[in-house]
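By written order: A, B, C, D, E and F. Residues from 1 in each chain.
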Amino acid sequence: MGEDILSDIKRDYVLSKLGEDERVDGRKLDEYRNIEIETGIISKAEGSALVRIGNTQVVVGVKMQPGEPYPDTPDTGIIITNAELVPLASPTFEPGPPDENSIELARVVDRGIRESEAIDLKKLVIDEGKVWIIFIDIHALDDDGNLMDASSLGAISALLTTTVPAEKFDTGDNYPLPVRDLPVSITSLVADGKILIDPSRDEMSIGHRLITITSDQKDNIVSIQKSGSYHLTEEKFYELIEISLTKSKEIRDMLGKI
Amino acid sequence: MSDEMNDEMQLIVDGKRLDGRKFDELREVKIETGVLKRADGSCYLEMGNNKMIAAVYGPREAFPRHMQDPSRAIIRYRYSMAPFSVDERKRPGPDRRSVEISKVSREAFELVVMKELYPRSGIDIFVEVLQADAGTRAACINAASVALVDAGIAMKGIVTSVAIAKVNGEIVLDPFKEEDNYGEADMPFAFVIRDGEIKSIGLLQMDGKLSYDEIRKGLEMAKKGAMEIYRLQREAIIRKYSLEEVE
Amino acid sequence: MGEDILSDIKRDYVLSKLGEDERVDGRKLDEYRNIEIETGIISKAEGSALVRIGNTQVVVGVKMQPGEPYPDTPDTGIIITNAELVPLASPTFEPGPPDENSIELARVVDRGIRESEAIDLKKLVIDEGKVWIIFIDIHALDDDGNLMDASSLGAISALLTTTVPAEKFDTGDNYPLPVRDLPVSITSLVADGKILIDPSRDEMSIGHRLITITSDQKDNIVSIQKSGSYHLTEEKFYELIEISLTKSKEIRDMLGKI
Amino acid sequence: MSDEMNDEMQLIVDGKRLDGRKFDELREVKIETGVLKRADGSCYLEMGNNKMIAAVYGPREAFPRHMQDPSRAIIRYRYSMAPFSVDERKRPGPDRRSVEISKVSREAFELVVMKELYPRSGIDIFVEVLQADAGTRAACINAASVALVDAGIAMKGIVTSVAIAKVNGEIVLDPFKEEDNYGEADMPFAFVIRDGEIKSIGLLQMDGKLSYDEIRKGLEMAKKGAMEIYRLQREAIIRKYSLEEVE
Amino acid sequence: MGEDILSDIKRDYVLSKLGEDERVDGRKLDEYRNIEIETGIISKAEGSALVRIGNTQVVVGVKMQPGEPYPDTPDTGIIITNAELVPLASPTFEPGPPDENSIELARVVDRGIRESEAIDLKKLVIDEGKVWIIFIDIHALDDDGNLMDASSLGAISALLTTTVPAEKFDTGDNYPLPVRDLPVSITSLVADGKILIDPSRDEMSIGHRLITITSDQKDNIVSIQKSGSYHLTEEKFYELIEISLTKSKEIRDMLGKI
Amino acid sequence: MSDEMNDEMQLIVDGKRLDGRKFDELREVKIETGVLKRADGSCYLEMGNNKMIAAVYGPREAFPRHMQDPSRAIIRYRYSMAPFSVDERKRPGPDRRSVEISKVSREAFELVVMKELYPRSGIDIFVEVLQADAGTRAACINAASVALVDAGIAMKGIVTSVAIAKVNGEIVLDPFKEEDNYGEADMPFAFVIRDGEIKSIGLLQMDGKLSYDEIRKGLEMAKKGAMEIYRLQREAIIRKYSLEEVE
């Protein structure tokens, strides 16, 4: 039906531009869209951020509360990352429990935070048998492509502005959550032998052929997720790592200013 | 809603409310239209410390098929609170309260949307509470109304909502969190407004304790408040269309 | 199909009678159907009632058990009200988790009990960190219209005959649950400029256009719920309050005799 | 079912059961037909302290459509316990036990309902346990049988159910709560009865410990008990139809 | 469609052979298929067994962990039996929560273990308020008929080789789980006046007309489950008990060798 | 994955791994084809202490109907862990981790299955982890590949999977449980192998900390390991077909 034809036309257009190394919104292949980060927008949350990448918008809220540690890690705090692809954000999102896409989104963001050791979980012990639980809730508002990077950026931005609510739970004075690294995710679309960094929704019409590479401030790769059914060659993979390391530095500079 | 703690909780001091408002004064309302790209219509609204975003999708093919009505559109309304919108983190997903709010809100919108113009289709209204500070159902309805206009959905009127409360024995407009928690009654209204006039009550709930006379007083106050909000809704819509140089 | 035509005919008939201020079952507009209340019918429950309003039948059972109070109200007992629109009661009820109608039913009944302060929740504290939880379970048996009032009446009737099972939980002697108010719900159908009190299922064919007004014994309104998509005018609203206050007194007299 | 406490729990005293019954004596059974208005057929039944209501809807269009069988009716059977029916409040909704009971009960009714007369349709049997005191599956089946007749569903027979138990070494009919909790075995039967005679066993379960001989003795006792219940089912149906002056 | 016709042909074939007291796989009516039991195959489990009955395969794993007893039986351990009819095992099994068939399977297996008192639950108390919970997880791998007996056999075999993991939970030395009886289930297909013991999947084409009779080593019947909609006569029932008692002895001998 | 305890956890002793393997050495892999009767294709696989069974059903009619694609087959992949497969009993049913693994594994197989040959149909790949010891997603993929061949599904290549890890600063192949728990990074790969050569990466994930050079080193090691596994997969398939005297 009409929907499909439109999508075919869009796809052909994206591909034809790509043939000339051009993108439909005029960007260069390795050019990120404009990023805006607003923090502290949800005063009910311990930390929060609204991230815009082009028209893509995500709100991330951080809530903290005391709780029991996992039995096998009694001396470490807990991070729980959850993503809601609420139906507000896209005509294709439906109300209901998290599907594989929102689960993947949450888990990749979680790994970026966790593996970069941005939060020292050892410091989140309150007492014996009592640690801080950090809930990172990702709330997609508008999906114009690359929710992944917007969510990662939102998560670290929210954490950077999080105050540990010790007073509310009678465990001492409030203090800023210590954040010791700044993991940054870079998502690219791999198609037709090209790498399109930060793909827009329109560009996704050529296929869900993504890879997200997250790195820390020492240029370690801390998380990789190939997402979508496509052949990735070794050469492209190495190229992707290089591009991601370069781009992440630019974005990390923005985070430094929060 | 509980009046157990009335005696202890002083919510009116020197004839003023704790946040400095007069009894019949609204909180500050900010409305912005067209804030989302993917949705067919959208609206961001603040009402005091409440922050919500509404999106409208449709008319589009209703799904699943057997839900389609061959003579009119099916309206869905989803009121949803973000986990971080409240003091104590809320578990994601609908709870009983949000199911009830979604139901009565949808019933109000069914009064104005010209459903018979859109047979077999679905019109979906999704509202996300990003920050909650009492009166969220009213604020969400106000945002949803504007998003519906923004989506170009044909309507026989606009829905505008506001609550009144009883606080330390006084009827007040648009209660905020403390008044809601420690007040004696809460009564949210949604009015159908057409040609700049209130035509009817589309949503009405109440809990607490109110006398007949207090209800009358509250309704008058709510009507006045709703008309103020209506003007702000109208302005937001006009503002967007003038920016777009449509008119 | 056949079903729809029957429903149209029924609707036309109800409306034509209504044009002459008459009701299909011969009642006056402000006349309630016959009410029967039987209490103590479930000996396994701490309190119970079977309420019949015409052919509508609802059983309400009250169970009590000790439990932890909510963290923000450590010194108050807990009421949990639940309604099951079991498929036995109507051809339109399906097995499954509560839908919006049963949730609304339970919540409106709950508000009537709660806001009238019929139960003094402060008196339900057993010990520090231990309070009584009152489960009010509404079980619809036959839906011939106005399950709402039948459920409210069942709930307060069951509570009036509830014995706190202190012995079972080793917390002292059993005693009757103290009930200090008698909230009564009056549901009306608003259509065609008329108010039909206690609408029957047949009358519901002209539309789900209901309002439930609950009042306490001091003539306070304690809960209102407009249910259904219809325009309610101010004048009708005030008229509804007056009718509800009058009718509720008659029904409250019945409760006094339990 | 557990015999861990046999030694301590004296359930038979001077050759009589704790509630005064003889070994082969049923509890008091009360049956009333046509107790619900909305259902196509219904039955209220008490068996000792058990209280249950059965409703039958159908034959009606089976839904969802893909569940329809073009050659016969689909039978659903839902055994459900009200939260207040037991000592410890039961969480609403089906648990594993009620799913199993619903399955084996349905299988018994599929033997008698003339399903081929009602192609594409559904016949729904819903039974609510309002108060439970052992033997609820049997009592529910007995109520459902009467409700099916009341609904006018064509049947090749009636289903009548009763359990036997082993208590302090004795086989007893129709155990009540204490005998069920502390007895050594429980064996519920449902029989298909046609032309006033038991034709077959439609439902059969057992748990506990029984010898071959005890099972034979139990089955004989159960058959006798079932015939008594069958007479009461019949009377209840006739009573209703005579009241209605149909015959 | 094709599926149905094939199934009809298969059914006719089974029935025609049956008319001559023969079975499609050449077995006698009261002949069990070959049984193989391998124990200790899952080293992560406290006990485990793989049971093959002909081509039917089931794995049962036993896990144990300390937990709270049920309030009404403070001095007894807990058995929780769960069956997963995973979609791997049959084209008719679908992913999702347990349906009525897997629930029935788990409950019948559970009753065999429980009612034979194979495990002395009184011996599973660790401390006041702390008992062992035994999880018996039945995992169907290949359903070529009679999953019921394969599961029962798997459960008791796994229990026979279970080591109580006391050391892991700091409650003393590990010890073998004491098993004091050997319940054995015999499932038969009842059709056309015949009894087919241990029915294969092909034989099930003549209808789900089963009965499972479980007995202990003293020839007590400990559990019966008629499964399927069919008329069972008294005579057949008695015959079934006799056959089951005989067959179970043969199988119990195999268990004795584990 | 966490390197919090690196300093304490000695996983490499005298240039050897705790289980005696060299850095680039696989655990023992055992593959058996056609182990299930009902499934159209099946495979039992061990990889160290991992034990898994894969079954393939299809091509068969995809259900529910509205899921069918008129131009190609729909592939489902279900990775599932038995409750007893891990130290701490796992609750039955899919958790978030298994949903993610199922997704990325399915994406790899969609690259090789010739879906356009099977319009409107479904190809279902179900893999059960009976015992888990790190690297289960890779082992499951390897088993599923063989089961697909066993089912006779047309494929443009085979998928072979293996992980590498960083342990005490060294890159090692095919980590086992302790290396996975206390290592510094884990990186599972699945390769598409055609005509005996690696054509592309079909699945790629990583968590932990790796430098660019370590990733290069890891990928080389993984390719070598995958080719070894590929040979074992091939052998298992040939073994079955020779036993069946097909060739």
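Methods note: a residue touches a chain if its C-beta (ideal position, glycine included) is under 8 Å from a C-beta of that chain, and two chains touch if they have at least 3 such contacts.
For clarity, every value in this text was computed on a predicted model and none was experimentally measured.
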Fill in: Selected from A-F, B-C or E-F, interface repeating C-D by over half of its contact pairs
E-F
Item to complete: Would you mind pulling out the distance in Å between where the CA atoms of subunit D average out and where those of subunit E do?
Response: 27
Worksheet item: What is the distance in Å between the mean C-alpha positions of subunit B and subunit F?
Response: 51
Fill in: Inter-centroid spacing, subunit E versus subunit C (mean Cα positions, whole Å)
48
Discussion item. Rounded to a whole Å, what is the gap between the Cα centroids of subunit A and subunit D?
Written reply: 58
Fill in: For subunit E, residues that touch 2 or more chains besides their own
98
Response to the item:
Note: subunit B residues in touch with at least two other chains are none
Worksheet item: Quick one: do these chains touch in a line, a ring, a star, all-to-all (complete), or other?
Response: ring
Response to the item:
ring traversal (subunit A first, then subunit F) gives A, F, E, D, C, B
Worksheet entry | List of subunit D residues in touch with subunit C within their complex | 36-39, 49, 51, 53-55, 57, 60, 78, 80, 82-89, 92-94, 124, 126-128, 130-132
Fill in: Residue numbers on subunit F that touch subunit A, as the complex places them
1-4, 96-97, 99-100, 102-104, 106-108, 110-111, 185, 187, 192, 199-212, 215-216, 219
Worksheet item: Across the complex, what residues on subunit C touch subunit B?
Response: 76, 98, 100, 103-104, 106-107, 111, 114-117, 121-122, 211, 216, 219-234, 237-238, 241-242, 245
Item to complete: Report the residues of subunit E in contact with subunit F in the complex, numbered from low to high.
Response: 41-45, 48, 55, 57, 59, 61-63, 65, 82, 84, 86-91, 95, 97-98, 135, 137, 139, 141-144, 201
